[in-house]
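These notes concern the structure reproduced below.
Chain IDs A, B and C follow the sequence of writing; residue 1 opens each chain.
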Amino acid sequence: MLDKLTQPRYWLPFLSLVFVLGGWEIVGRSINPLLFAPPSEVLKQFQEMIASGELVAAAKVTMQALFLGYALAVIVGIPFGIVIGVWERFGDILQPYLYAIFSTPRVVVIPLIVVWFGIGFEARLFLVFFWAAIAISVNTAQGVRNARPDLVEVARSFQVSRIQLARHVLIPGAVPFVLAGLRIGAERAIVGVIIGEMFLQIVGLGGVITQGSSDLLPAKMLCAVVVIAVMGTIIVTALDMLERRFQSWKGN
Amino acid sequence: MKDAILDTPAIELRGIRKTFKLSEEKNAKTVLALDGVDLSFRKGEFTTIIGPSGCGKTTLLRIIASLALPDEGEVLVDGQVVTEPGIRRAMVFQNFGLFPWKTVIDNVLFPLAVRNFPADEAREKAMRHIKQVGLEKFVDAYPHQLSGGMQQRVGLARALSTGADILLMDEPFGAIDAQTRELMQEELMRICQEEKKTVIFITHDLDEAVMLADRVLLMSRGPGKVRELIPVDLPRPRFGYDIRAHKSFIEVRGHLWHELRNDLIEQNEQERS
Amino acid sequence: MRTRSKKEIRRDQIVGVAVFLTVWEISAWFVGSKLVLPSVSQIAVAFWDLLISGELILALSESISLLIVGLAISTVIGFILGALVARSRTAYWMLNPYFSALFATPTIALVPLVLVWFGFGFPGRVIVVILAAVVPIMFSVASGLRDDPKDLVDVARSFGVKGELALLFRVRVRAALPVLMAGLRLAAGRGVVGMAVAETYLRLGGIGGLIKSYGSMFQTDYVFAAILPLSLLGITLVSLIGRLERRFQWS
């Protein structure tokens, strides 16, 4: 174990972390505390927020909208993706609109969201759900449509029924695409909930950032940013590992 | 030779004609791929098909497999007209056609799984054929972990596991290196002789065409027609001696080379004009 | 599975647009509130107004200049860092964690801090765009340059190409172009989001600010009218790069 730790891949990031934290501390101490906070200050703020329960409460609020919205996106997205993948006509017609909505930054759509959903939980949920669902659907559809025609013919030569074709060829072939969609959808979901928390009702981790900004407490803001970054990294890494596990047959 | 009239041929082709459209538009140009092919293949006969590129060999094989339907004409298996793939015919594909997400054993089991074979029986049968092609040590490997030759052996085992007595092979050894190819040719001949398979085998390789076959089907360049059916009168088994030195081999091969060479020259001239 | 021809797809899409607009118009009439769902005609009128008043052009030019500057600087920085990381394992292990974390962090979460540190003017906004766009470029440059095209390098050397820098530009970058273009496409998308976020956060001008203004005045028809060019901007940019990407695909 100790042997592993001495590998460059472990102590180099550690070393750079030491440098970064060190430099940050030095610079931080000399700048106006209303604008900037050194790591020591951030750490202090972090401990305070844990002790008061503020951070945990905020994280809970964020995760509620995030997980519910994402779960809904998966439940709706995958079947819908299969539909638009199989029903080509419908999928082709719908595609430009899905793409347009998907490419539009959500921040500018906020005024519309407010008019339609208000500023509460439903609005945040929509921000998470809708865009994640589009990502999942579109990728699932691609997976369904990208069935390798040569393998479909191979299956046909062994006289498969439609269900068997789906089971042995179409679905396994689509899995990598579905997993990619799940990962992209998760990324979108995280951004969605934070946008909601910063532009609608000021709650959750996004709310801590906005609050910290108006209270002129950069340490608080940094805390929240770090927590969000860590959360995002964990979720995306987990999905990445899932993607890899289901593609062990691909090799390199 | 046995009197062909008393045995129903394993495969019979009557008046096969096939045209392809070059694009999806209404008035697109068409290409006549096969122009009236009549053939019959006896049970247990090994026929190789050779011809210049574009002569319709693959199209013909796919029609025999019922993966494509002819515009005119019929395909008969054991005297019955067929329009869909069936259990009597199994195909071995040029690019192996293995499912990358299935292990070797699952790939070989696939035709049996599709037919709802009881699991234990199916597994036994699959293992038997995997052993037959010498891959028992790679039962749980994925295709990407195998070399081209090994993948093609899996394809062969899969075709054998169907129990089909008619094997349709589309340049199966084309993507394999020379040494492995020789081994596989031997194995193939051994298995086919043991199990009395009827084989239709497409190849580009003149040596291979003569070495494996009971007769060689030479096709003319497009539109595809049967140009010549050349019997190969060499004793079997064919791997115990230096076949290439045999008089019959040299004659047949020389004849094929001559015919194909003319075709290639004509084709070049046509393309240039 | 019969694949449909491009003509057929186009035809269906055009019919789709007609159907879509009709359904919208009917729904808007049904809902009857310009606030909740303005009709297509109301949006068109709002759009026209924005156009002739010059508001739209002004906002778009602000946004586009922000985007171009931000993407240009991101490309330069991304290229330098990516090349560095590709060549040096040390650099990779030291820098990678931070940039991965940056990539995983929603740009919006960084905006308040950045604007406080770097001001609310153009520089602050450019930095937001850079933070959004630099990482995909850096990763794709690193990935593209890491796969050493040994054969091509040998060929170049045999023709007298000397020196690492020359080799870098003549051979390695060219070989890595497909991956680079893919990264650029992703960066463009994220850059547009960064731009919109920077502008919207404090109504700081550009098209994002315009949308926010009309949004806070609850003029939904103007909001829709202003969102349209923004979406088109993003889509056009990404598809242009996509086309370039395809032109450079030679594998």
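Keep this in mind: a residue touches a chain if its C-beta (ideal position, glycine included) is under 8 Å from a C-beta of that chain, and two chains touch if they have at least 3 such contacts.
These numbers were taken from a predicted model, which means no experiment stands behind them.
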*asked:* Based on mean C-alpha positions, I'd like to know which chain lies farthest from subunit C.
replied: B
*asked:* Counting C-beta pairs in contact, which chain pair has more, A-C or A-B?
replied: A-C
*asked:* Can you compute the centre-to-centre distance for subunit A and subunit B, using the mean CA position of each chain? Integer Å is fine.
replied: 51
*CA centroid of subunit A to CA centroid of subunit C, Å*: 18
*Inside the complex, what are the residues of subunit A that reach subunit C?*
8-9, 12-13, 15-17, 20, 35-36, 88-89, 92-94, 96-97, 99-100, 103-105, 107-112, 114-116, 147, 149, 152, 187, 190-191, 194-195, 198, 206, 209-210, 212-213, 218, 221-222, 224-225, 228-230, 232-233, 236
*Can you list the subunit C residues touching subunit A in their complex?*
1, 4, 9, 12-13, 15-16, 20, 35-36, 89-90, 93-98, 100-102, 104-110, 112-113, 116-117, 189, 192-193, 196-197, 200-201, 207-208, 211-212, 214-216, 218, 220, 223-224, 226-227, 230-231, 234-235, 238
*Which part of subunit A faces subunit B closely enough to touch in the complex?*
150-151, 153-161, 164, 168-169, 172-173, 175, 248-251
_Please output the residues of subunit B touching subunit A within their complex, sorted ascending._
65, 67, 84-87, 90-91, 93, 95, 97, 99-102, 110-111, 113-114, 142-145, 162
